[in-house]
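Okay, so chain A shows up in both of these, paired with chain B first and chain C after.
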Partner chain A sequence: MAETLYWTWWQGGLGLAFVAIGYHLTLGKTFGFSGMWERILYKRETENLADASSLAEDEDAFMAAMLAATEAAMAEDEVAPGGEQLTAADPAEPAAAATGWWSNLAFAIAVFLGGLAAAVSTDAVQLNLLPGPVYKGFFGDGLAALLILLVGGVMIGFGTRMGGGCTSGHGLNGCGRLQIACMVATASFFGAGIAVSWMLEVLL
Partner chain B sequence: MSCPNSASCPLFAKFTQSSLLDFWKSRFCDSDAKYPTCERYKLGQRGAPVPVTLMPNGSQLGR
Partner chain C sequence: MIEIWLKGFWGLVLGFVVARIGFVDYTEVHNMFLLADFRMFLSFAFGVSLVVVYFLLVSNFQVTQTSTVTPGTIPGAMLFGAGWALTGGCPAVIMLQLSHGYMGAVLTLVGVSIGMIAYRQVHGRYFNWNAASCEA
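The block that comes next holds the complex of A and B.
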(Lines of atoms letter the chains of each structure in order from A and count residues from 1; the text may use other names and numbers.)
(Lines give C-alpha, C1' and ligand atoms only; values in the text may rest on other atoms or scores of the structure.)
Protein backbone atom coordinates (compact mmCIF):
# COMPACT_ATOMS: atom_id res chain seq x y z
CA MET A 1 0.00 0.00 0.00
CA ALA A 2 1.27 3.44 -0.94
CA GLU A 3 2.24 5.63 1.95
CA THR A 4 -0.08 8.59 2.43
CA LEU A 5 1.69 11.92 2.26
CA TYR A 6 0.53 14.66 4.59
CA TRP A 7 1.55 18.25 5.03
CA THR A 8 3.86 18.89 7.92
CA TRP A 9 2.26 20.04 11.18
CA TRP A 10 3.26 23.63 10.64
CA GLN A 11 2.00 23.72 7.07
CA GLY A 12 -1.31 22.29 8.24
CA GLY A 13 -1.47 24.81 11.07
CA LEU A 14 -0.83 27.70 8.75
CA GLY A 15 -3.46 26.41 6.33
CA LEU A 16 -6.07 26.08 9.08
CA ALA A 17 -5.21 29.52 10.46
CA PHE A 18 -5.61 30.96 6.96
CA VAL A 19 -9.06 29.41 6.63
CA ALA A 20 -10.25 30.35 10.13
CA ILE A 21 -8.98 33.94 10.04
CA GLY A 22 -10.04 34.41 6.42
CA TYR A 23 -13.53 33.14 7.21
CA HIS A 24 -13.84 35.59 10.08
CA LEU A 25 -12.49 38.52 8.08
CA THR A 26 -14.71 37.91 5.07
CA LEU A 27 -17.93 36.81 6.76
CA GLY A 28 -17.56 38.21 10.28
CA LYS A 29 -18.34 34.82 11.80
CA THR A 30 -16.28 32.17 13.50
CA PHE A 31 -15.76 29.05 11.47
CA GLY A 32 -17.21 25.73 12.61
CA PHE A 33 -17.90 22.84 10.28
CA SER A 34 -20.70 21.22 12.27
CA GLY A 35 -22.48 24.56 12.50
CA MET A 36 -22.10 24.86 8.77
CA TRP A 37 -23.72 21.46 8.26
CA GLU A 38 -26.51 22.53 10.55
CA ARG A 39 -27.14 25.56 8.40
CA ILE A 40 -27.10 23.40 5.27
CA LEU A 41 -29.61 20.94 6.71
CA TYR A 42 -31.87 23.69 8.07
CA LYS A 43 -32.20 25.42 4.70
CA ARG A 44 -35.39 27.36 5.43
CA GLU A 45 -34.22 28.50 8.84
CA THR A 46 -30.86 29.56 7.41
CA GLU A 47 -32.59 31.67 4.77
CA ASN A 48 -34.78 33.16 7.49
CA LEU A 49 -31.63 33.98 9.44
CA ALA A 50 -30.09 35.71 6.45
CA ASP A 51 -33.29 37.72 5.90
CA ALA A 52 -33.45 38.49 9.60
CA SER A 53 -29.87 39.64 9.64
CA SER A 54 -30.46 42.17 6.88
CA LEU A 55 -33.65 43.47 8.51
CA ALA A 56 -32.06 43.68 11.96
CA GLU A 57 -29.27 45.85 10.59
CA ASP A 58 -31.81 48.67 10.23
CA GLU A 59 -32.90 49.37 13.80
CA ASP A 60 -35.76 51.69 12.85
CA ALA A 61 -37.16 49.29 10.28
CA PHE A 62 -36.81 46.41 12.69
CA MET A 63 -38.64 48.23 15.48
CA ALA A 64 -41.36 49.37 13.10
CA ALA A 65 -41.85 45.79 11.93
CA MET A 66 -42.02 44.60 15.52
CA LEU A 67 -44.60 47.19 16.48
CA ALA A 68 -46.70 46.30 13.44
CA ALA A 69 -46.51 42.60 14.34
CA THR A 70 -47.50 43.45 17.90
CA GLU A 71 -50.56 45.40 16.81
CA ALA A 72 -51.56 42.53 14.53
CA ALA A 73 -51.16 40.01 17.33
CA MET A 74 -53.12 42.23 19.70
CA ALA A 75 -55.89 42.57 17.18
CA GLU A 76 -56.01 38.80 16.90
CA ASP A 77 -56.19 38.48 20.66
CA GLU A 78 -58.66 41.37 20.92
CA VAL A 79 -56.81 42.69 23.93
CA ALA A 80 -55.35 45.87 22.46
CA PRO A 81 -55.02 48.44 25.24
CA GLY A 82 -56.22 51.92 24.24
CA GLY A 83 -54.13 55.03 24.31
CA GLU A 84 -50.76 53.27 24.43
CA GLN A 85 -47.93 55.39 23.14
CA LEU A 86 -45.69 53.65 20.65
CA THR A 87 -42.18 54.39 21.78
CA ALA A 88 -39.10 54.05 19.69
CA ALA A 89 -36.52 51.72 21.11
CA ASP A 90 -32.96 52.58 21.89
CA PRO A 91 -30.51 51.14 19.45
CA ALA A 92 -29.91 47.57 20.44
CA GLU A 93 -27.15 45.18 19.61
CA PRO A 94 -27.15 44.29 15.95
CA ALA A 95 -27.97 40.71 15.19
CA ALA A 96 -25.11 38.45 14.27
CA ALA A 97 -24.53 38.36 10.57
CA ALA A 98 -25.98 35.28 8.98
CA THR A 99 -24.40 33.65 5.99
CA GLY A 100 -26.62 32.44 3.20
CA TRP A 101 -27.46 28.79 2.64
CA TRP A 102 -25.59 28.59 -0.64
CA SER A 103 -22.36 29.92 0.86
CA ASN A 104 -22.43 27.12 3.44
CA LEU A 105 -23.05 24.51 0.77
CA ALA A 106 -20.28 26.00 -1.38
CA PHE A 107 -17.86 25.73 1.53
CA ALA A 108 -18.82 22.10 2.23
CA ILE A 109 -18.31 21.19 -1.44
CA ALA A 110 -15.00 23.06 -1.45
CA VAL A 111 -13.82 21.02 1.53
CA PHE A 112 -14.45 17.83 -0.43
CA LEU A 113 -12.82 19.22 -3.57
CA GLY A 114 -9.83 20.44 -1.57
CA GLY A 115 -9.30 17.00 -0.10
CA LEU A 116 -9.65 15.45 -3.53
CA ALA A 117 -7.17 17.91 -5.02
CA ALA A 118 -4.68 17.16 -2.28
CA ALA A 119 -5.09 13.41 -2.85
CA VAL A 120 -4.77 13.74 -6.62
CA SER A 121 -1.66 15.85 -6.27
CA THR A 122 0.02 13.06 -4.32
CA ASP A 123 -1.41 10.18 -6.39
CA ALA A 124 -3.21 8.97 -3.28
CA VAL A 125 -6.75 8.79 -4.68
CA GLN A 126 -8.30 5.56 -3.50
CA LEU A 127 -11.95 4.72 -2.87
CA ASN A 128 -12.29 2.90 0.45
CA LEU A 129 -15.47 1.79 2.19
CA LEU A 130 -13.59 1.35 5.43
CA PRO A 131 -10.76 3.28 7.09
CA GLY A 132 -7.20 1.96 7.01
CA PRO A 133 -5.63 -1.28 8.16
CA VAL A 134 -5.69 -0.31 11.84
CA TYR A 135 -9.48 -0.11 11.77
CA LYS A 136 -9.68 -3.41 9.90
CA GLY A 137 -7.35 -4.92 12.45
CA PHE A 138 -9.80 -4.02 15.21
CA PHE A 139 -13.14 -4.65 13.57
CA GLY A 140 -12.47 -6.75 10.44
CA ASP A 141 -13.83 -5.79 7.05
CA GLY A 142 -17.32 -7.29 7.07
CA LEU A 143 -20.78 -5.90 7.64
CA ALA A 144 -20.14 -5.49 11.37
CA ALA A 145 -17.24 -3.15 10.63
CA LEU A 146 -19.51 -1.03 8.45
CA LEU A 147 -22.23 -0.97 11.11
CA ILE A 148 -19.74 0.07 13.79
CA LEU A 149 -18.63 2.87 11.50
CA LEU A 150 -22.25 3.92 11.05
CA VAL A 151 -22.93 3.88 14.79
CA GLY A 152 -19.73 5.84 15.38
CA GLY A 153 -20.81 8.45 12.87
CA VAL A 154 -24.21 8.82 14.50
CA MET A 155 -22.56 9.17 17.91
CA ILE A 156 -20.20 11.83 16.60
CA GLY A 157 -23.14 13.73 15.14
CA PHE A 158 -25.11 13.42 18.37
CA GLY A 159 -22.17 14.48 20.51
CA THR A 160 -21.40 17.39 18.25
CA ARG A 161 -24.93 18.72 18.47
CA MET A 162 -25.07 18.11 22.21
CA GLY A 163 -21.72 19.85 22.73
CA GLY A 164 -22.61 22.76 20.49
CA GLY A 165 -19.65 22.31 18.16
CA CYS A 166 -16.90 20.09 16.82
CA THR A 167 -13.13 20.11 16.51
CA SER A 168 -13.08 23.06 14.15
CA GLY A 169 -15.55 25.19 16.11
CA HIS A 170 -14.47 24.41 19.66
CA GLY A 171 -10.92 23.24 19.05
CA LEU A 172 -9.68 25.51 16.30
CA ASN A 173 -11.65 28.70 16.82
CA GLY A 174 -12.90 28.44 20.39
CA CYS A 175 -9.51 27.60 21.87
CA GLY A 176 -7.91 30.20 19.61
CA ARG A 177 -10.22 32.79 21.16
CA LEU A 178 -9.40 31.50 24.67
CA GLN A 179 -13.01 30.51 25.36
CA ILE A 180 -13.09 28.45 28.56
CA ALA A 181 -16.13 26.41 27.48
CA CYS A 182 -14.41 25.52 24.20
CA MET A 183 -11.23 24.48 26.01
CA VAL A 184 -13.26 22.25 28.30
CA ALA A 185 -15.16 20.80 25.33
CA THR A 186 -11.96 20.16 23.37
CA ALA A 187 -10.23 18.57 26.35
CA SER A 188 -13.32 16.44 26.92
CA PHE A 189 -13.70 15.03 23.45
CA PHE A 190 -9.99 14.54 22.82
CA GLY A 191 -9.54 13.10 26.30
CA ALA A 192 -12.45 10.72 25.78
CA GLY A 193 -11.08 9.76 22.38
CA ILE A 194 -7.65 8.95 23.80
CA ALA A 195 -9.18 6.99 26.68
CA VAL A 196 -11.38 4.94 24.36
CA SER A 197 -8.45 4.26 22.04
CA TRP A 198 -6.42 2.92 24.95
CA MET A 199 -9.40 0.86 26.09
CA LEU A 200 -9.79 -0.66 22.64
CA GLU A 201 -6.11 -1.51 22.57
CA VAL A 202 -6.55 -3.45 25.78
CA LEU A 203 -9.89 -5.07 25.03
CA LEU A 204 -9.53 -6.03 21.37
CA MET B 1 -41.37 31.17 36.59
CA SER B 2 -40.62 32.90 33.30
CA CYS B 3 -39.02 31.62 30.13
CA PRO B 4 -35.54 30.21 30.83
CA ASN B 5 -34.31 31.73 27.56
CA SER B 6 -35.25 35.30 28.51
CA ALA B 7 -31.70 36.35 29.33
CA SER B 8 -30.33 35.25 25.99
CA CYS B 9 -33.32 36.05 23.78
CA PRO B 10 -32.58 39.15 21.65
CA LEU B 11 -36.28 39.95 21.37
CA PHE B 12 -36.93 39.83 25.11
CA ALA B 13 -34.53 42.75 25.55
CA LYS B 14 -36.54 44.72 22.99
CA PHE B 15 -39.82 43.83 24.64
CA THR B 16 -38.75 45.84 27.66
CA GLN B 17 -38.21 48.97 25.57
CA SER B 18 -41.81 49.76 24.78
CA SER B 19 -45.07 49.53 26.68
CA LEU B 20 -46.73 48.12 23.59
CA LEU B 21 -44.12 45.43 23.17
CA ASP B 22 -44.68 44.45 26.79
CA PHE B 23 -47.64 42.57 25.33
CA TRP B 24 -45.28 39.78 24.28
CA LYS B 25 -43.75 39.50 27.74
CA SER B 26 -47.06 39.09 29.47
CA ARG B 27 -48.46 36.93 26.68
CA PHE B 28 -45.47 34.56 26.49
CA CYS B 29 -42.21 35.24 28.36
CA ASP B 30 -43.47 35.87 31.89
CA SER B 31 -46.11 33.20 31.87
CA ASP B 32 -45.16 29.80 33.19
CA ALA B 33 -47.97 28.23 31.23
CA LYS B 34 -47.41 30.15 27.99
CA TYR B 35 -43.69 30.32 27.37
CA PRO B 36 -43.55 26.70 26.14
CA THR B 37 -45.95 27.78 23.38
CA CYS B 38 -43.53 30.49 22.14
CA GLU B 39 -42.42 29.59 18.62
CA ARG B 40 -38.93 30.92 19.36
CA TYR B 41 -38.69 28.71 22.43
CA LYS B 42 -39.98 25.68 20.53
CA LEU B 43 -37.54 26.18 17.65
CA GLY B 44 -34.67 26.56 20.09
CA GLN B 45 -35.70 23.39 21.88
CA ARG B 46 -35.44 21.53 18.58
CA GLY B 47 -31.86 22.75 18.27
CA ALA B 48 -32.58 24.83 15.19
CA PRO B 49 -31.21 28.35 14.70
CA VAL B 50 -33.77 30.96 15.78
CA PRO B 51 -34.01 34.01 13.51
CA VAL B 52 -34.29 37.32 15.30
CA THR B 53 -37.31 38.12 13.13
CA LEU B 54 -39.39 35.22 14.43
CA MET B 55 -42.01 36.50 16.85
CA PRO B 56 -43.30 34.38 19.74
CA ASN B 57 -46.61 33.75 17.96
CA GLY B 58 -44.80 32.41 14.87
CA SER B 59 -45.19 35.49 12.69
CA GLN B 60 -42.14 36.61 10.75
CA LEU B 61 -41.10 40.24 10.66
CA GLY B 62 -40.65 41.68 7.21
CA ARG B 63 -42.92 39.15 5.51
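The block that comes next holds the complex of A and C.
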Protein backbone atom coordinates (compact mmCIF):
# COMPACT_ATOMS: atom_id res chain seq x y z
CA MET A 1 0.00 0.00 0.00
CA ALA A 2 2.64 2.46 1.11
CA GLU A 3 4.82 1.63 -1.87
CA THR A 4 2.31 3.10 -4.28
CA LEU A 5 1.74 6.27 -2.24
CA TYR A 6 5.25 7.20 -1.27
CA TRP A 7 8.75 7.02 -2.66
CA THR A 8 10.73 3.83 -2.35
CA TRP A 9 13.59 3.71 0.17
CA TRP A 10 16.25 4.44 -2.43
CA GLN A 11 14.33 7.33 -3.98
CA GLY A 12 13.86 8.82 -0.53
CA GLY A 13 17.51 8.32 0.36
CA LEU A 14 18.65 9.97 -2.85
CA GLY A 15 16.32 12.90 -2.16
CA LEU A 16 17.60 13.43 1.39
CA ALA A 17 21.23 13.17 0.30
CA PHE A 18 20.57 15.61 -2.56
CA VAL A 19 19.36 18.26 -0.09
CA ALA A 20 22.09 17.73 2.52
CA ILE A 21 24.93 17.63 -0.02
CA GLY A 22 23.51 20.42 -2.18
CA TYR A 23 23.03 22.65 0.85
CA HIS A 24 26.62 22.12 1.95
CA LEU A 25 28.03 22.56 -1.55
CA THR A 26 26.21 25.85 -2.14
CA LEU A 27 26.18 27.37 1.35
CA GLY A 28 29.29 25.83 2.90
CA LYS A 29 27.51 24.73 6.05
CA THR A 30 24.96 22.20 7.23
CA PHE A 31 21.40 22.85 8.35
CA GLY A 32 19.28 21.90 11.32
CA PHE A 33 15.64 22.85 11.31
CA SER A 34 15.17 23.16 15.07
CA GLY A 35 18.17 25.47 15.37
CA MET A 36 16.78 27.60 12.57
CA TRP A 37 13.41 27.76 14.25
CA GLU A 38 15.04 28.91 17.47
CA ARG A 39 16.86 31.66 15.59
CA ILE A 40 13.57 32.70 14.02
CA LEU A 41 12.14 33.04 17.53
CA TYR A 42 15.11 35.08 18.76
CA LYS A 43 15.33 37.67 16.00
CA ARG A 44 17.35 40.29 17.87
CA GLU A 45 19.91 37.77 19.05
CA THR A 46 20.40 36.32 15.58
CA GLU A 47 21.11 39.78 14.22
CA ASN A 48 23.54 40.54 17.03
CA LEU A 49 25.37 37.29 16.35
CA ALA A 50 25.63 38.08 12.67
CA ASP A 51 26.91 41.54 13.60
CA ALA A 52 29.47 40.01 15.92
CA SER A 53 30.79 37.60 13.33
CA SER A 54 31.17 40.34 10.77
CA LEU A 55 32.82 42.56 13.36
CA ALA A 56 35.22 39.83 14.42
CA GLU A 57 36.96 40.21 11.10
CA ASP A 58 37.84 43.78 11.97
CA GLU A 59 39.59 43.88 15.33
CA ASP A 60 39.33 47.65 15.91
CA ALA A 61 35.64 47.69 15.14
CA PHE A 62 35.22 44.64 17.37
CA MET A 63 36.88 46.35 20.34
CA ALA A 64 34.86 49.50 19.76
CA ALA A 65 31.65 47.47 19.66
CA MET A 66 32.61 45.59 22.82
CA LEU A 67 33.25 48.90 24.58
CA ALA A 68 29.94 50.29 23.40
CA ALA A 69 28.13 47.13 24.47
CA THR A 70 29.76 47.25 27.90
CA GLU A 71 28.80 50.87 28.35
CA ALA A 72 25.28 50.11 27.24
CA ALA A 73 25.08 47.18 29.66
CA MET A 74 26.31 49.34 32.54
CA ALA A 75 23.86 52.06 31.64
CA GLU A 76 21.09 49.47 31.74
CA ASP A 77 22.13 48.37 35.20
CA GLU A 78 21.64 51.89 36.47
CA VAL A 79 17.98 51.77 35.57
CA ALA A 80 15.86 50.55 38.44
CA PRO A 81 14.99 46.84 38.06
CA GLY A 82 11.60 46.46 36.51
CA GLY A 83 11.78 49.93 35.13
CA GLU A 84 11.96 50.61 31.44
CA GLN A 85 15.30 49.57 30.11
CA LEU A 86 17.15 52.22 28.22
CA THR A 87 18.73 50.65 25.22
CA ALA A 88 21.15 52.47 23.03
CA ALA A 89 19.68 53.43 19.70
CA ASP A 90 20.28 50.60 17.28
CA PRO A 91 22.96 51.37 14.77
CA ALA A 92 21.91 50.84 11.21
CA GLU A 93 21.78 47.07 10.84
CA PRO A 94 24.23 45.67 8.33
CA ALA A 95 22.56 43.87 5.48
CA ALA A 96 24.29 40.62 6.45
CA ALA A 97 22.58 40.52 9.83
CA ALA A 98 19.13 41.01 8.39
CA THR A 99 19.81 38.37 5.73
CA GLY A 100 20.67 35.81 8.42
CA TRP A 101 17.28 36.05 10.03
CA TRP A 102 15.30 36.32 6.81
CA SER A 103 17.13 33.39 5.24
CA ASN A 104 16.06 31.14 8.13
CA LEU A 105 12.48 32.32 7.75
CA ALA A 106 12.74 31.74 4.00
CA PHE A 107 13.89 28.18 4.69
CA ALA A 108 10.99 27.47 7.04
CA ILE A 109 8.42 28.92 4.64
CA ALA A 110 10.02 27.05 1.77
CA VAL A 111 9.73 23.75 3.64
CA PHE A 112 6.01 24.49 3.97
CA LEU A 113 5.74 25.33 0.26
CA GLY A 114 7.71 22.25 -0.75
CA GLY A 115 5.30 20.17 1.31
CA LEU A 116 2.39 21.97 -0.32
CA ALA A 117 3.79 21.12 -3.76
CA ALA A 118 4.02 17.47 -2.71
CA ALA A 119 0.48 17.56 -1.34
CA VAL A 120 -0.96 19.19 -4.47
CA SER A 121 0.91 16.89 -6.83
CA THR A 122 -0.41 13.82 -5.01
CA ASP A 123 -3.87 15.25 -4.40
CA ALA A 124 -3.36 15.07 -0.65
CA VAL A 125 -4.56 18.53 0.38
CA GLN A 126 -7.47 18.18 2.71
CA LEU A 127 -8.33 20.32 5.70
CA ASN A 128 -8.20 18.26 8.87
CA LEU A 129 -7.70 19.17 12.48
CA LEU A 130 -5.88 16.03 13.60
CA PRO A 131 -3.17 13.99 11.89
CA GLY A 132 -5.10 10.97 10.67
CA PRO A 133 -7.19 8.03 11.87
CA VAL A 134 -4.39 6.31 13.81
CA TYR A 135 -3.91 9.45 15.89
CA LYS A 136 -7.64 9.68 16.55
CA GLY A 137 -7.62 6.04 17.52
CA PHE A 138 -5.17 6.82 20.31
CA PHE A 139 -6.32 10.18 21.56
CA GLY A 140 -9.90 10.59 20.28
CA ASP A 141 -10.92 13.79 18.53
CA GLY A 142 -11.68 16.00 21.50
CA LEU A 143 -9.76 18.34 23.74
CA ALA A 144 -7.31 15.63 24.86
CA ALA A 145 -6.17 15.09 21.27
CA LEU A 146 -5.43 18.81 20.89
CA LEU A 147 -3.69 18.94 24.25
CA ILE A 148 -1.39 16.06 23.26
CA LEU A 149 -0.36 18.02 20.15
CA LEU A 150 0.54 21.03 22.30
CA VAL A 151 2.33 19.03 25.00
CA GLY A 152 4.13 16.92 22.40
CA GLY A 153 5.23 20.18 20.77
CA VAL A 154 6.66 21.44 24.05
CA MET A 155 8.54 18.14 24.41
CA ILE A 156 9.94 18.54 20.88
CA GLY A 157 10.98 22.17 21.45
CA PHE A 158 12.50 21.57 24.87
CA GLY A 159 14.09 18.28 23.84
CA THR A 160 15.68 19.48 20.62
CA ARG A 161 17.31 22.42 22.41
CA MET A 162 18.44 20.28 25.32
CA GLY A 163 19.76 17.62 22.97
CA GLY A 164 21.25 20.15 20.56
CA GLY A 165 19.38 19.20 17.40
CA CYS A 166 16.65 17.31 15.58
CA THR A 167 16.23 14.85 12.75
CA SER A 168 17.76 17.10 10.12
CA GLY A 169 20.67 18.51 12.13
CA HIS A 170 21.69 15.53 14.24
CA GLY A 171 20.21 12.79 12.11
CA LEU A 172 20.91 13.63 8.50
CA ASN A 173 23.81 16.08 8.65
CA GLY A 174 25.39 15.18 11.99
CA CYS A 175 25.44 11.44 11.36
CA GLY A 176 26.56 12.27 7.84
CA ARG A 177 29.58 14.05 9.32
CA LEU A 178 30.16 11.04 11.61
CA GLN A 179 29.80 13.14 14.76
CA ILE A 180 29.60 10.94 17.83
CA ALA A 181 27.27 13.35 19.68
CA CYS A 182 24.89 13.35 16.73
CA MET A 183 24.88 9.57 16.46
CA VAL A 184 24.20 9.29 20.20
CA ALA A 185 21.34 11.79 19.87
CA THR A 186 19.91 10.07 16.79
CA ALA A 187 19.94 6.68 18.51
CA SER A 188 18.27 8.30 21.54
CA PHE A 189 15.41 9.96 19.68
CA PHE A 190 14.70 6.98 17.47
CA GLY A 191 14.91 4.73 20.53
CA ALA A 192 12.49 6.89 22.51
CA GLY A 193 10.17 7.12 19.50
CA ILE A 194 10.11 3.34 19.22
CA ALA A 195 9.43 2.96 22.96
CA VAL A 196 6.62 5.53 23.02
CA SER A 197 4.97 4.16 19.88
CA TRP A 198 4.96 0.66 21.36
CA MET A 199 3.51 2.05 24.59
CA LEU A 200 0.74 3.75 22.61
CA GLU A 201 0.06 0.53 20.76
CA VAL A 202 -0.10 -1.56 23.93
CA LEU A 203 -1.81 0.88 26.29
CA LEU A 204 -4.29 2.78 24.11
CA MET B 1 20.58 38.12 -0.58
CA ILE B 2 21.76 35.05 -2.44
CA GLU B 3 21.70 33.19 0.88
CA ILE B 4 17.95 33.79 1.16
CA TRP B 5 17.36 32.34 -2.30
CA LEU B 6 19.62 29.37 -1.73
CA LYS B 7 18.07 28.52 1.62
CA GLY B 8 14.65 29.02 0.09
CA PHE B 9 15.50 26.63 -2.72
CA TRP B 10 16.87 23.90 -0.45
CA GLY B 11 13.96 24.34 1.94
CA LEU B 12 11.61 23.79 -0.98
CA VAL B 13 13.41 20.60 -1.99
CA LEU B 14 13.61 19.36 1.62
CA GLY B 15 9.89 19.90 2.16
CA PHE B 16 8.99 18.09 -1.06
CA VAL B 17 11.36 15.18 -0.44
CA VAL B 18 10.43 14.62 3.21
CA ALA B 19 6.73 14.78 2.38
CA ARG B 20 7.14 12.32 -0.52
CA ILE B 21 9.02 9.90 1.72
CA GLY B 22 5.96 9.90 3.97
CA PHE B 23 7.20 11.54 7.16
CA VAL B 24 4.14 13.79 7.00
CA ASP B 25 1.84 10.80 7.45
CA TYR B 26 1.13 9.91 11.10
CA THR B 27 0.37 6.30 10.18
CA GLU B 28 3.67 5.92 8.32
CA VAL B 29 5.65 7.45 11.20
CA HIS B 30 3.87 5.22 13.69
CA ASN B 31 4.55 2.11 11.62
CA MET B 32 8.19 3.15 11.30
CA PHE B 33 8.52 3.41 15.08
CA LEU B 34 6.68 0.09 15.54
CA LEU B 35 9.30 -1.42 13.22
CA ALA B 36 6.37 -2.67 11.16
CA ASP B 37 7.61 -0.88 8.04
CA PHE B 38 11.30 -0.30 7.41
CA ARG B 39 10.88 1.77 4.25
CA MET B 40 11.36 5.17 5.93
CA PHE B 41 14.16 3.92 8.18
CA LEU B 42 15.90 2.62 5.07
CA SER B 43 15.34 5.93 3.24
CA PHE B 44 16.91 7.73 6.14
CA ALA B 45 19.81 5.30 6.49
CA PHE B 46 20.50 5.34 2.75
CA GLY B 47 20.39 9.16 2.67
CA VAL B 48 22.74 9.38 5.64
CA SER B 49 25.20 6.91 4.13
CA LEU B 50 25.40 8.94 0.93
CA VAL B 51 26.01 12.06 3.03
CA VAL B 52 28.74 10.20 4.93
CA VAL B 53 30.48 9.39 1.66
CA TYR B 54 30.23 13.02 0.59
CA PHE B 55 31.66 14.43 3.82
CA LEU B 56 34.46 11.85 3.88
CA LEU B 57 35.40 12.87 0.36
CA VAL B 58 35.32 16.65 0.95
CA SER B 59 37.17 16.32 4.27
CA ASN B 60 39.83 14.05 2.80
CA PHE B 61 38.81 11.27 5.22
CA GLN B 62 39.71 13.42 8.23
CA VAL B 63 36.79 13.38 10.65
CA THR B 64 36.98 16.01 13.39
CA GLN B 65 34.50 15.94 16.24
CA THR B 66 32.98 19.42 16.43
CA SER B 67 29.76 18.43 18.15
CA THR B 68 30.11 17.42 21.79
CA VAL B 69 28.03 15.09 23.93
CA THR B 70 26.62 17.05 26.86
CA PRO B 71 24.62 15.77 29.83
CA GLY B 72 21.61 17.04 27.89
CA THR B 73 22.22 15.08 24.69
CA ILE B 74 20.56 11.79 25.61
CA PRO B 75 17.64 13.01 27.80
CA GLY B 76 16.96 15.90 25.40
CA ALA B 77 16.97 13.69 22.33
CA MET B 78 14.77 11.14 24.10
CA LEU B 79 12.28 13.82 25.07
CA PHE B 80 12.21 14.95 21.45
CA GLY B 81 11.75 11.37 20.22
CA ALA B 82 8.83 10.88 22.58
CA GLY B 83 7.21 14.12 21.35
CA TRP B 84 7.78 13.03 17.76
CA ALA B 85 6.10 9.67 18.36
CA LEU B 86 3.14 11.36 20.06
CA THR B 87 2.50 14.13 17.52
CA GLY B 88 3.98 12.56 14.39
CA GLY B 89 6.04 15.69 13.83
CA CYS B 90 9.72 16.41 14.04
CA PRO B 91 10.39 20.16 13.71
CA ALA B 92 10.49 20.31 9.90
CA VAL B 93 7.62 17.83 9.53
CA ILE B 94 5.32 20.16 11.50
CA MET B 95 5.58 22.59 8.56
CA LEU B 96 4.65 19.71 6.25
CA GLN B 97 1.67 18.72 8.39
CA LEU B 98 0.45 22.30 8.03
CA SER B 99 0.99 22.18 4.27
CA HIS B 100 -1.06 19.00 4.10
CA GLY B 101 -3.94 20.66 5.90
CA TYR B 102 -3.53 19.25 9.42
CA MET B 103 -4.41 22.43 11.25
CA GLY B 104 -3.79 20.93 14.68
CA ALA B 105 -0.08 21.21 13.85
CA VAL B 106 -0.41 24.91 14.68
CA LEU B 107 -0.64 23.77 18.30
CA THR B 108 2.45 21.60 17.90
CA LEU B 109 4.35 24.56 16.46
CA VAL B 110 3.22 26.78 19.33
CA GLY B 111 4.31 24.02 21.70
CA VAL B 112 7.74 23.80 20.06
CA SER B 113 8.19 27.55 20.44
CA ILE B 114 7.11 27.45 24.10
CA GLY B 115 9.46 24.52 24.71
CA MET B 116 12.43 26.30 23.16
CA ILE B 117 11.81 29.49 25.12
CA ALA B 118 11.29 27.47 28.32
CA TYR B 119 14.55 25.61 27.73
CA ARG B 120 16.42 28.91 27.46
CA GLN B 121 15.13 29.89 30.89
CA VAL B 122 15.93 26.54 32.46
CA HIS B 123 19.36 26.10 30.89
CA GLY B 124 20.87 29.32 32.18
CA ARG B 125 19.56 28.70 35.65
CA TYR B 126 20.04 25.01 36.30
CA PHE B 127 22.37 23.39 33.76
CA ASN B 128 26.05 24.14 34.01
CA TRP B 129 27.18 22.61 30.74
CA ASN B 130 27.71 24.56 27.55
CA ALA B 131 24.81 24.40 25.15
CA ALA B 132 25.83 22.26 22.18
CA SER B 133 24.49 22.32 18.66
CA CYS B 134 24.69 19.84 15.84
CA GLU B 135 25.23 22.56 13.27
CA ALA B 136 28.49 23.12 11.48
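Simple rule for what comes next: the second predicted complex is superposed on the first by the 157 of 204 C-alpha atoms of A that agree within 3 Å, B and C clash if a C-alpha of one lies under 4 Å from a C-alpha of the other, contacts with A are read in each partner's own complex, and residues count from 1 in each chain.
We adopt the following convention: a contact is a pair of C-beta atoms (placed from the backbone, for glycine too) under 8 Å apart; a residue touches a chain by one contact, two chains touch by 3 or more.
The structure displayed is predicted, hence computed values, not measured ones.
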item	value
Partner, of chain C and chain B, that touches more residues belonging to chain A	C
First (chain B), second (chain C), both or neither touched by A:Leu113	second
Touching partner for A:Arg161 - first (chain B), second (chain C), both, neither	both
Contacts of A:Ala144 with chain B and chain C, given as first, second, both or neither	neither
Touched partner set for A:Arg39, first chain B, second chain C, both or neither	first
Touched partner set for A:Leu67, first chain B, second chain C, both or neither	first
Chain A positions touched by chain B in one structure and by chain C in the second	38, 95, 161
Touching residues (chain side chain C, partner chain A) in the complex	1, 3-22, 24-28, 30-31, 33-35, 37-40, 42-52, 54-56, 58, 63, 65-70, 72-105, 107-120, 123, 131-136
For the chain A and chain B complex, residues of the former touching the latter	38-39, 42, 45-46, 48-49, 51-53, 55-56, 61-63, 65-67, 69-74, 76-77, 79, 84-90, 92-93, 95, 98, 161
Chain B to chain A touching residues, read off their complex	10-11, 13-14, 17-21, 23-24, 27, 43, 47-49, 51-55, 57, 59-62
Residues of chain A touching chain C in the complex	2-3, 5-24, 26-27, 29-35, 37-38, 41, 95, 99-100, 102-104, 106-119, 122, 124-135, 145-146, 148-182, 184-186, 188-198, 200-201
